[in-house]
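One chain, chain A, links the two complexes that follow: it is found with chain B in the first and with chain C in the second.
Let's turn to the complex of A and B:
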């Protein structure tokens, strides 16, 4: 890092101390988001990575203010667009007035969105539905004008508006739902696994479009959720790695990918299969064991039953947050080994 | 995964392939004509080898697989299994074929009955296959191949397992039929990287220990690179490139293969910071 005295980038959003739980019958709570804090600087894309079931979608839904029973937000504040929103009181108290803002301030592109649109719906009807659901003052032709301009700006074919969803390829459908969910210029777009069902060429087209959208200030910034680290390293500025409901490491993407400080991050990186000569000869063992049951997570560091570096203290006490600038990890090993990268062979066996 | 284990590519070998497609074509009727999903594809699958079929979605990979599985009739061409033409077999012969050639698909949830435990499903499959004796021992052995314990796996309902566990259960179920060929169609695509490698390792072991022939369909060249002995690349129903994995991936000849490779997201690359 250079010692230039550049001003830190302006913050787009800050989420502090989010706790959210699924409550099946009011007695059995599954705390799926545990004391999570996150920041997104303006104009940047933050990647949220982790194995399935670790709570990524739950965190996304909480931030997008669309948590619905059986998911309950127990605590957390969201600062965005000059507002400070208490996420735990959205339904009841004073902050209920913010609930209408969802979709406009924070727009959510849910997991599987491209498959949930009716195949017999014309894209232009979808455009009108979505725009008018958020802004009643917009007429049908306003909405369509907006969509036409947006598609032209992004270099996409305007005739898509006249087609039915089933006539579009999976990649095009996913790009269209992304464009439509950002027509009203949200502050923040949260995209949940938008590329996971696409082949590599469609993935590339979508992530190029997202970068273009942020550059053009169509949205102030984005959170990109996926378990796919290579995709995240192409599209994001910062990464947050999630394990069993907690964020275990955050930092600039290139730094995390090259010098992981948390053994879990390192294990995820080791499991990536690039088409390289190294992949041809290596044997990757994957992470032993399985992710914990969130209803009853391990004590101390939640990764300790699977961690090759686990020490006695790891099972006993929550790991400390070890920070170096904007790169930080919650880990006893990281504390004992300042500035060291987790040795890859330690986790890939 | 050494290259010494590789067979010379199709034609150069005298060893009879386990399974072959010969000039297989599939046309679907669409408004105002035909759409050729698979176009005159010829490919041999050799015993104990992993052959990967790569290509974008819509390139014809799954259609080819469904024809090989005899789930979809061919428009023209032949499917040859152990030297016999099985393109049009029916009845008992077809059921025997379906035992020998097993498949695992992308979404393990879709092929599970939500209300049956794994144990119930296994017994049912075995009964349908006419195997009634010593099933407990067989089930335990097949679960063992995929690293699962009977007392942990058998009482579980689908929703009580992770995606990786469900996918391994499906591989175990396929193995119970004692197949000669295992066809995996995007079977690992939706899995997390860590679970994905564990399923790929299972396939690798089965190939080595049981001489299983594996047809591995994927859009992810990285997975083909890790697992396959041979690769064929499909574009618009045509095989545009084929050969040993090292050749196809590290010395691609066809423009389409080159593009597929250049579109693979690179862990050490970034589109954000290009200058």
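Let's turn to the complex of A and C:
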């Protein structure tokens, strides 16, 4: 983790106006990512949090350029490493256009790494295929040398290269998948719930490895997607909170956790147990209601039907972006209450 | 390397199964009350042209000819000895023609019709199924529906439809048989072109059904594999489409290999109904005639040949599986 300094850090990537939709029956689109823009500073980890079904993974797939029908990326540009990439997948040539960037510019560390390696493929064969997919001039032994060096550097046994996925433990498999996805030193790694299927000690090992990789500049930065807020507050430098396909609040992790400006953020935080003495007597209420159907989202602010601070204007108009520096929230309440933190108890009724 | 041990272990199991099959093949016909000679002699007697004395002599000669006067264990040893020396005995209904001769005449026809249709059908069917799964859309619905129709159709039904339209109505092919009357089988140009002309109809009726069945199976396996996590991960790593299709094909192939080996194994039994519909002189026709004339040595020999072939095919599947699927090898040998 890099300590925040006063000078704004160099920008690693900027994603602008991302729109992605699932085509439900061929005619009607269900927008899952709605006009999202994101920035990740170099050397930092951005956490992406939100309830299930809020579009986190869809956003991840959009950025990793692996959107597959029925998911279509309608628009969006990604500026990274001096490139400006059009993320739209509407034209036929999109897949071929995006392929060289995958794994090398933006790489994906997927959810459910248990089955992320073909069961009939040795790890070393996958490693060769990954390296040679981007550089035909590299030989098999070049690729294996690269992988061996990387494993040694990370303190992992080199013999895993000769094994099949089923011969590795769950934690080892997930770490191996992480090594493969960062083998080509990608600018940006998108880690989509990499820890959710692991036990706590494997989670810790994986997280330490990811932080180590960012510190060693194996990758330029990362987006860490999860709904596990304690993990996020441990790993990330910045947080983006997502609700119903939109980003509702972004800011430095510590600031966001302690002084949330959006009622949804504070509701999300209130739903987490802190292992402290007071926890025994505390009751976790959760957030009443459930996320809206994205085929027919509420007008105005999408959180207003569940928001205890909802005003008449919230249902009518999209909320304004209220921000101080890099901490900003899209909320009418935040506009009316500048510099105030959402009173937690007001949410978890 | 555990592969050698794995194959050795499998070979032992299959050897045991083969022995059990041979014993059963020997005992089962002998458990039937009476013996096969009674049937032959009584059918001769029904003709009325033989006297009781002659009957007695014929009976005695048949019994000693087939070795039925010896104790069971001796008969079994003789039977084993004969099998080891490749001697399948003498046919009852075509006496004194040996079973070896009958089978030797029928097997080439069966292999000629079945092996190409199974292999070609398997290759085309799998390719078609895989393409249908990858392309999706209209391609898929067309290929899938026709494959389903073909595979659901009984062999004889398709045979009769083809026979009616292509042979009877259009007159493109002869109606039945394997070669023109008056020709005798041999490796000369005239006979081969003639046999090929007769070959098409039974071949088509077999190959179409096999294509349908394989395509349906391959399509669903490939669709299942397409949605798996490793496809997504490989795409995210920038691996090319061709390589990913290779991964999918390798995994989707596994159940299909079993199907191929088993159909090659049961192949020697002949495509009974197809051969009957087209009056084709293969193993199926031989078996059918043997059953209708109670020709025990022939029936027994054909069941033995089918047993050996099926066991061998299964053994081949296990060996191939051990090579192509590391999970099975690991599970079976305890390799880690």
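Heads up, the rule we're going with is that the second predicted complex is superposed on the first by the 325 of 349 C-alpha atoms of A that agree within 3 Å, B and C clash if a C-alpha of one lies under 4 Å from a C-alpha of the other, contacts with A are read in each partner's own complex, and residues count from 1 in each chain.
Throughout what follows, a contact is a pair of C-beta atoms (placed from the backbone, for glycine too) under 8 Å apart; a residue touches a chain by one contact, two chains touch by 3 or more.
Only a predicted model underlies this, so the values are computations on that prediction, with no experimental measurement involved.
Legend: residue contacts after superposition of the two complexes on their common chain; A:129 is shown touching chain C, with no touch to chain B. Of the two partner chains placed around the shared chain by superposition, chain B is the only one that A:271 touches, whereas chain C remains out of contact. By the touch criterion stated above, A:64 is placed in contact with chain C alone, chain B being left untouched.
Of the two partner chains, neither chain B nor chain C is touched by A:153.
In the superposition on chain A, contact of A:234 is made with chain B only, not with chain C. In the superposed model, A:291 lies in contact with chain B only, and not with chain C. Of the two partners chain B and chain C, more residues of chain A are touched by B.
Shared-chain residue A:110: touches chain C; no touch with chain B. In the complex of the two chains, the chain A residues touching chain C come out as 64, 66, 68, 95, 99-104, 107-108, 110, 112-122, 126, 129-130, 133-134, 164, 166-167, 177, 180-181.
Those residues of chain A that touch chain B in the shared complex are 45, 51-53, 169-170, 196-204, 207-208, 211, 227-231, 233-237, 253-254, 257-258, 267-269, 271-277, 279-281, 283-287, 290-291. Here chain C touches chain A in the complex through residues 228-230, 232-241, 243, 247, 250-251, 254, 324-327, 330, 336, going by the rule given at the top. Chain contact summary for the complex, chain B toward chain A: residues 1, 56-58, 162-165, 190, 192-198, 200-201, 219-226, 245-246, 249-250, 259-261, 263-273.
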